[in-house]
Amino acid sequence: MQTSNSTPALRADRQAGPAAARPARQAGPGPSSAVVVPSPSLLGQLLSHPLFLRLASVVIVFGAWEYAGRVPISPAFPTFLETMDALFGLIADGTLLQAFWITLQPLAIGLFASVVVGVTFGVTMGLNRLAEWFGAPVFIIAQSAPLAALIPILTFAYGIGLTSKVMTVCIMAMPVIVLNSLNAVRHTPASLLEMGRSFLGSRWQVIWKIVLPAAAPVIFAGLRLGCAAGFIGVILAELLITPTGIGDIITYNQSIAEYAKMYAAIFSIIVFSVLFIELIERLEVTLFRPEKRAAR
Amino acid sequence: MMLGKIRVPMFFSLFLWAALWEIVGQSGASFIIPPLSVIFTRIAEIVPTASFAEALWITGKAFLLGNLIAIVAGVPLGVIMGRSVIADRIFLPWVNLFLSAPLTALVPVIMVIFGLGETTIVMTVVLFAVWIIVLDARAGVRNISPSLVEMARVFGANPWQAFGKIYIYAALPEILSGIRLGMIRAVKGVVIGQLLVSIIGFGRLFELYSSRFLMEHFWALLFVLFAFAFTLNEVLAWLERKVDYYAAARH
Amino acid sequence: MTAAQATASTVTEPRAIVEVEGVSKVYPGGTEALNHISLDFPEGQLTTLLGPSGCGKTTLLKIIAGLIPATAGQVQVDGKVVTGPGPERAFVFQDFALMPWASVLRNVAFGLELRGVARSEREAVAEKYIEQVGLKGFEKAYPHELSGGMRQRVGLARALTVNAKVLLMDEPFSAVDEQTRRKFQEDLLELVARERKTFIFVTHSIEEAVYVSDRIVLLSRRPSRVSQIVEPNIPRHDDPEDIRRDPVYLDTVEEIWQGLKKYLDEGV
């Protein structure tokens, strides 16, 4: 995959740049001559065992957190253990669950709308040149623009309730979904299209049986990016419009200097979003990528 | 798109959208959509003012400083990860995690630690930009063709020569791509940071206009901001294409 | 069967099932690919279009297939003018054109799927041809699990499954390694003998053309015209390997090579 081919705005959502067709999922060593391989002694083998390293990685980062909290680098920086303690407290007394319930509503509605509308727009634009001519520039600009700045306007238009939060999620998530879908459909391999025509497929047959399945991987990549953007949207909405749910826990505890609880809430939403996006990836692999299923 | 025999480039559809906006704005259908022409007059009004210049200065400073830090910290880390399996296995899961995690959630953390000032904005920019820079630097190093490495050894290059004369150029396209993507994310970061902090830079101006319901000024500022973001993106893409001329032939 | 007998059997000319009349192709931008080509393809035989790279042989094949329109002239297949793809013609692609998300069985049955044939019926037909091309047991496999040679067999099985009268093959063996290629050529001979179909084959390899064809049409450089028609008439052999050492085979290859060399030397 070449760096110079795609338009810059479309590339903005191809996060990992040229090295991977799917963003941010690189694992394993690269070409052997460019990589330093540790010595094959027993200690060396232990140190480079994947499981050990994964554990070590987690321990190092959380350990650093704990240390930084004890120093302390700031009075507003609780230790890792303190944060975990607060987290369990919030889970135990049900506050966290309630908060998630409230926060996830605009997220779910917004993401659902963004996916349905976004994929439809994107695919339509991919199949129809006129639609692309009208729609693509708008989304390309939206792609590189800091859309978060539009949130106050949304508040003016829709008030401070659920609607404006849903709209926030939508404006953050839709551009990348639309552009990925558009891109995916436009780049259907030409020989597959020819094959469909040569075996007398009608236009609809070719779209349903060839174009869409071929486009699925890139559309899903867009969904993953869209969901990540949607999470940013909902958090921004809660911090900027009115705090409810998780945003409420964060801002309230911030205001009363209960930093452990504040951090715990932030930790929980980050973990949740990561798991959610991982789930989407699993879904994609199961449904559409037999070759990746085999590689697992 | 073709109009008869003339090829109409895609961006011309924006003129149609602009016309639509003007019509909706003039009709007064919604107070949040003022006429485009008025917005442009406001742009002409606010850009020369001192408060705009100050906001631009603060924002620009934070943006550039943040990106610099992200590059200085991110590229070496990415290079190390690209060359060392151990470092890679330790750090990669975290880089991947922060790449797709809602970094906005961490901004309150930065705010409570660094206060409500410029430092927070700078740290936000770093936070948003650094992960993609690390990932792409790593990719660039991993993509160095083994033949180039062997060539360096066969012709007797010492490690410093190999790095300075060969590896850095071989990995450069990916590194620059990462920096460009990092800058795009940094723009979002600086805006989000200022919106949340809201007492400095553009954030302050936005807060000012919205509290007085000056919709036209608000949109004017937005347009200016969007124009900056777009121009930055285009300039960086152009730069990248200049360096990229050899990218395809590396393998 | 002696060479004399072989020659005798071609005296009764088979009818021309594909007739190309004055076909020209000019691409937008001015590239002239084909220049008033007129050609007949006899029914039941394997005719090869042979020529240097870029001489338009694939273009002509796709025009016959109905995938590209001709700028001038027309093509008739079985008496009907070609306006687009049709059920009497099937295409085998150079890069296989398999759907990576579908199993071998689904890929092979795809032509019938597009025609609305019921699932059990089309899968039964597909299974028959999967076995014929030597891929029995791989029905549930996915393209990424197969080698290049196996993938091309899937493409071939797919083209056979729709039971077309004319099989169009676009450099089908160029994307596989040499050993597989030779095996394919032998298998193709067997296939041609077994099926009563017309084959139109495009290749740039002289040996391949002489080995498999009943008739070779040599196309000149772009804008191409028919420069020569050669009928190898190599006698039948029990062992397909023997053909490669038959003097008639070797002489024909040399003759064609000398003819083409002229064009390469004149250079463009």
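Going in written order, the chains are labelled A, B and C, and every chain counts its residues from 1.
As a convention for this text, a contact is a pair of C-beta atoms (placed from the backbone, for glycine too) under 8 Å apart; a residue touches a chain by one contact, two chains touch by 3 or more.
Since the structure is predicted, the reported quantities are computational estimates derived from the model, not experimental observations.
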{"item": "Most remote chain, CA-based centroid, reference being chain C", "value": "B"}
{"item": "Chain closest to the assembly centre - both centres taken as Cα means", "value": "A"}
{"item": "A-C or A-B - the one linked by more C-beta pairs in contact", "value": "A-B"}
{"item": "Whole-Å gap between the CA centroids of chain B and chain C", "value": "53"}
{"item": "Centre-to-centre distance between chain B and chain A (centres being mean Cα positions), rounded to whole Å", "value": "17"}
{"item": "Separation of chain A from chain C, taking each centre as the mean of its C-alpha atoms, in whole Å", "value": "48"}
{"item": "In chain C, residues with contacts to at least two other chains", "value": "none"}
{"item": "Residue numbers of chain B (touch at least two other chains)", "value": "none"}
{"item": "Residues of chain A that touch chain C when the two form their complex", "value": "189, 191-192, 194-202, 205, 209-210, 213-214, 216, 288-291, 294"}
{"item": "Chain A partner contacts - residues on chain B that touch it in the complex", "value": "1, 8, 10-11, 13-14, 16-17, 30-32, 82-86, 88-97, 99-109, 112-113, 132, 135-136, 138-146, 149-150, 173-174, 177-178, 180-181, 184, 187-188, 190-192, 195-196, 206, 210, 213, 215, 218-219, 222, 225-226, 229-230, 233-234, 236-237, 240-241, 244, 247-248"}
{"item": "Of all residues in chain A, those that touch chain B in their complex", "value": "2-4, 7-9, 11-12, 15-20, 23-27, 29-38, 47-48, 50, 53-54, 56-57, 60-61, 73-74, 76-77, 129-130, 132-138, 141, 144-153, 156-157, 224-225, 228, 231-232, 235-236, 239-240, 250-251, 254, 259, 262-263, 266, 269-270, 273-274, 277"}
{"item": "Partner chain A, residues of chain C touching it in the complex", "value": "65-67, 84-87, 89-91, 93, 95, 97, 99-102, 110-111, 113-115, 142, 144-145, 158, 162"}
